[in-house]
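Each chain gets a letter, A, B, C, D and E, in the order it is written, and its residues are counted from 1.
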Amino acid sequence: MTRVSSMAPGTFWCIQNAAILKHILDIAQKGKFTGLVLHAGLAEKYAGEIADSGVPLILKLNGKSELFTEEDPFSPQLYSVEDAITLGAIAVGYTVYSGSQYENEMLREFSKIVREAHSKGMMAIGWMYPRGKAIFDRKSSSKTLKMALDEQEQTNQAIDETPSIVAYAARIGLELGADMVKVKYTGSPDSFRWVVKSAHPTRVVMSGGPKTDTDEEFLSRVKDVIDAGAAGIAVGRNVWQRSDPLSISEKLHQLIYGD
Amino acid sequence: MTRVSSMAPGTFWCIQNAAILKHILDIAQKGKFTGLVLHAGLAEKYAGEIADSGVPLILKLNGKSELFTEEDPFSPQLYSVEDAITLGAIAVGYTVYSGSQYENEMLREFSKIVREAHSKGMMAIGWMYPRGKAIFDRKSSSKTLKMALDEQEQTNQAIDETPSIVAYAARIGLELGADMVKVKYTGSPDSFRWVVKSAHPTRVVMSGGPKTDTDEEFLSRVKDVIDAGAAGIAVGRNVWQRSDPLSISEKLHQLIYGD
Amino acid sequence: MTRVSSMAPGTFWCIQNAAILKHILDIAQKGKFTGLVLHAGLAEKYAGEIADSGVPLILKLNGKSELFTEEDPFSPQLYSVEDAITLGAIAVGYTVYSGSQYENEMLREFSKIVREAHSKGMMAIGWMYPRGKAIFDRKSSSKTLKMALDEQEQTNQAIDETPSIVAYAARIGLELGADMVKVKYTGSPDSFRWVVKSAHPTRVVMSGGPKTDTDEEFLSRVKDVIDAGAAGIAVGRNVWQRSDPLSISEKLHQLIYGD
Amino acid sequence: MTRVSSMAPGTFWCIQNAAILKHILDIAQKGKFTGLVLHAGLAEKYAGEIADSGVPLILKLNGKSELFTEEDPFSPQLYSVEDAITLGAIAVGYTVYSGSQYENEMLREFSKIVREAHSKGMMAIGWMYPRGKAIFDRKSSSKTLKMALDEQEQTNQAIDETPSIVAYAARIGLELGADMVKVKYTGSPDSFRWVVKSAHPTRVVMSGGPKTDTDEEFLSRVKDVIDAGAAGIAVGRNVWQRSDPLSISEKLHQLIYGD
Amino acid sequence: MTRVSSMAPGTFWCIQNAAILKHILDIAQKGKFTGLVLHAGLAEKYAGEIADSGVPLILKLNGKSELFTEEDPFSPQLYSVEDAITLGAIAVGYTVYSGSQYENEMLREFSKIVREAHSKGMMAIGWMYPRGKAIFDRKSSSKTLKMALDEQEQTNQAIDETPSIVAYAARIGLELGADMVKVKYTGSPDSFRWVVKSAHPTRVVMSGGPKTDTDEEFLSRVKDVIDAGAAGIAVGRNVWQRSDPLSISEKLHQLIYGD
């Protein structure tokens, strides 16, 4: 896998029900997506269909319900690297909410996952999302946060989309040995270039894709991100819920792989 | 097991004492119930009688007393998948109180149980009941909860019986790999159809059965649930405490298996 | 072991010092007690004397000091089933304070102990004592507690000696697979018969024995308990601190074994 | 080892720096001390010198800094019984702060250590020091504490040096299987005799040695303690910081071993 | 390794991005640094370059983000001694924040790491930094803290740079068996000599290097530290962010190794 474009459930969502999975798998196959992110349940129940499609499976190892929403989030590890191998995955994913008071548990779990994955020839991908009262309520003497607040004053960005926060999150992924990190967009190609540089040689993919009014705007931003050195993007509903998901998939593929 | 009708103790109840167990086992056998849910104690002490009856045993792996009633409940794992095998069970059950501040422990335990059960050729059933301050006191920024509150306004349902909450709970079971989930009734066939769809291909059984005035009303609701795609129902006292439990059992069997 | 009469230290007590142990062992042997409950320390240091006496050893696996007295008690497991085997015990004991906010840890430990004990051919005995703010401060929406409070209004009993609470505690022992449970007296033969029925086929022994003015009163109550179906009683200081412990032991033996 | 006189660091102290260790080892050897208590660091770095001296090594398995001083103390296990064997120790030590809200963790760790030590032919020594808000702030319904408070009223002793508290602490050591317990002095030979009796057959050594004005007073108290049945004393700075530590060591030896 | 001069990331910093790593490695090689401290991510991704450079690798085993900044810090173990061996490290490092309410977890982890490292022929280095409310808010009855506060009154030093605190921190390293400790400078050669003596025979390196106006001042302080018996210093940005890092590296090498 050189560059990745994947569909990625963070917390559990009702909307991605299994009826839709075959539809998604179809788009992923025809749209030449290089990865599909699933929890163990769907990965197991549709193992045959996934194998037939040829779309590489990425097993998301931690997860939480979206019912319990403490300000300092924690997403526990639910499956092991061994489970991922059993299910035929080529990579494992894990969300780290750094800044949360539970970050120590997540840093611990993810660093262990990375070590084990590498010892077994698997890739490890980090969903790197700073969160928690430390960040949102500014309850922190963090220098990174101070820089982020300065940036926010100028750009009016959400604090967890400021270049300093996103670059720092990407950096943690590198320090722990992630092969790839998934982060939010920082609002400009230049700042995203800094993110990519901070994580290098860990590859960076942009999460979701910016909410834009038109397809053109969306694709132009993806272009910016790729030009900034990103390895790809991770998309979900904003691709497969469109009326013509294959058309946009093709354009994304062209932007990312340049062919 | 295609469709299931079982008797299921959630928390420990005095009323189901062992003297009654033989009576229940008798009904289950004659009423052709396809599963009997027990804790390890009774499963072990009546192993001979259960084996003789031919009624398949489902071992409930977690449990709690009903004395300690914190708003955010936790039901710890008490027995292992290995114990279930030793006791001759064909499936294991586990309650997940998503929305509770302890949901991370339960998600962890249940996901591990599902993995292990499947690796040993056993089925895993999830009792999926959202609970806790997040839900009952609305202390949550959850989108699912917001939808549930809207539904509640229109239907006056209990919040944990709204379609959004029940469908989401069923969905978590699917994501974790449950073979079957046990959920509350959502009040209407249409909304329960959505629940079944959200969990598909994980099978859905309705918990308990609605408190109705007459047998007819009860049976008509069971019919609605089955028509909505449910795999069956899980019943307890409202069957075996009746004067003629076999008669109602027979009618349930007909509704579920259509023969 | 069919019926048991044992001396049982719950928390650690100074009064039972080792000088007295030989005295107790002597009474147990001559009084034909069918079990002596000890912690690992005395069981190990007097292993020879215990073996010589022929009095069966029951190793109490959890314990706590009586210095730290939180309203919601927790008694941690200190020794293993393996330790009990090494020390020559025929059974293991464990206290479960259901209703305590730590009941989940104790339910977990005890259920695991029962599984392991049975797999190794040992008996497991539960000291079943509901406790904690949930019960004493009525901070609970428990139905069992509600029933207990009604009973208390009529009988003026301590809440943890009401029939509903004691029967429920015994029931938990059965659900977890205990071979025997030790519970408080409920004040009347009829209510104790309900306790015995709730736990059946797990055998029930009465803890301590009621504080009575005369020997006759004490023995008459023991008779009531045995008539109610109890397997025996567990006694301590109220036997071996008497001037003539052997005389009362003989009478107890007669009442319990009827010979 | 029949009777012991040891130098024992409880928490970590700067004053016992390694330059001084050789000095201490020299006193211990010449003064015929039968045990030297160390943490793993010094035991390892001076393994050669310790072996050459012939002074038996006792490895202290838990420890804490004296910077964090919560009212309810906890001293975590830092080394294993296996480590003690590797380092050539003949016994292991562990501090139990019963009465602390963390006593459950320490009771658990120590009881496990005792089991493992005995299975490997090693002695286990308990530093038995009741502590915590339960004792110092009287936040406890403990009967032992009530007795201790009565004693305190008469003798004006520190609460953790009252006979009831010290005897109870020694008793816990016996219950858990300790071969020897180290406790505070209770102020009088008679009360210490009770302590010794409460722990019997676990041997008792007096911690530290009372702060006295003269050598005579100190030695006379040690004599009292030995007469009361103590196995010895555990000394530290009050021996090796004297101008003539060997002289006092000789006198201590004579008092303890009577030769 | 006799004396060490290393570059050491404590918490994760964005500034040390991988582009810069090759630059640092170049300085370390040419400047004859005897150790480079890295987390597993960079150690793994640049394993080839590190091996080629001949600069010994020290794997830092714990870490935290600098976003969550509780007053009582905790830095969890992220990699194992086995991981360090796999990555080709010659030593492992670990930060202990003694004084923090989480010191028990860090003392536990570090002492275990030291034991395992030594059993596998590896060195263990402790970053010994007292922290937490106990120290900064004086919420402690610690004697060391009392001494430190007296020193602070005279010298106006930061409390965690006072001789008593630093010497005590170094001492903990010795007690746990560290081969080397990294501590802050105490402001004077005499006080640092005390630190070195307190840790002996564990070697001491000065963290960072004092912030000075001129190179001469910096080098003169390093000379003081070395004269006080320190084994070396651990430097970072204040070497490799200079215009001529090799020149200052050479002077450091001369001061430390005297050649």
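Quick note on the criterion: a contact is a pair of C-beta atoms (placed from the backbone, for glycine too) under 8 Å apart; a residue touches a chain by one contact, two chains touch by 3 or more.
All figures in this text were calculated on a predicted structure; none of them were measured in a lab.
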Please identify each chain that touches chain B as well as chain C. none
Turning chain B onto chain E by a C-alpha fit takes a rotation, in degrees to the nearest 5, of 145
From the C-alpha centre of chain A to that of chain E, how far is it in Å? 34
Would you mind pulling out the distance in Å between where the CA atoms of chain C average out and where those of chain E do? 56
Give me the residues of chain A that touch two or more other chains. none
Make each chain a node and each touching pair an edge, then name the shape: line, ring, star, complete, other. ring
Under that contact definition the chains make a ring. Starting at chain A and heading to chain B next, list them in order. A, B, C, D, E
Per the contact definition, I'd like the list of chain E residues that touch chain A in the complex. 9, 12-14, 17-19, 39-42, 44-45, 63-70, 74-80, 83, 86
Touching residues (chain side chain C, partner chain B) in the complex: 98-101, 103-105, 107-108, 111-112, 114-115, 118-119, 130, 132, 134-135, 140-145, 164, 167-168, 171-178, 197-202
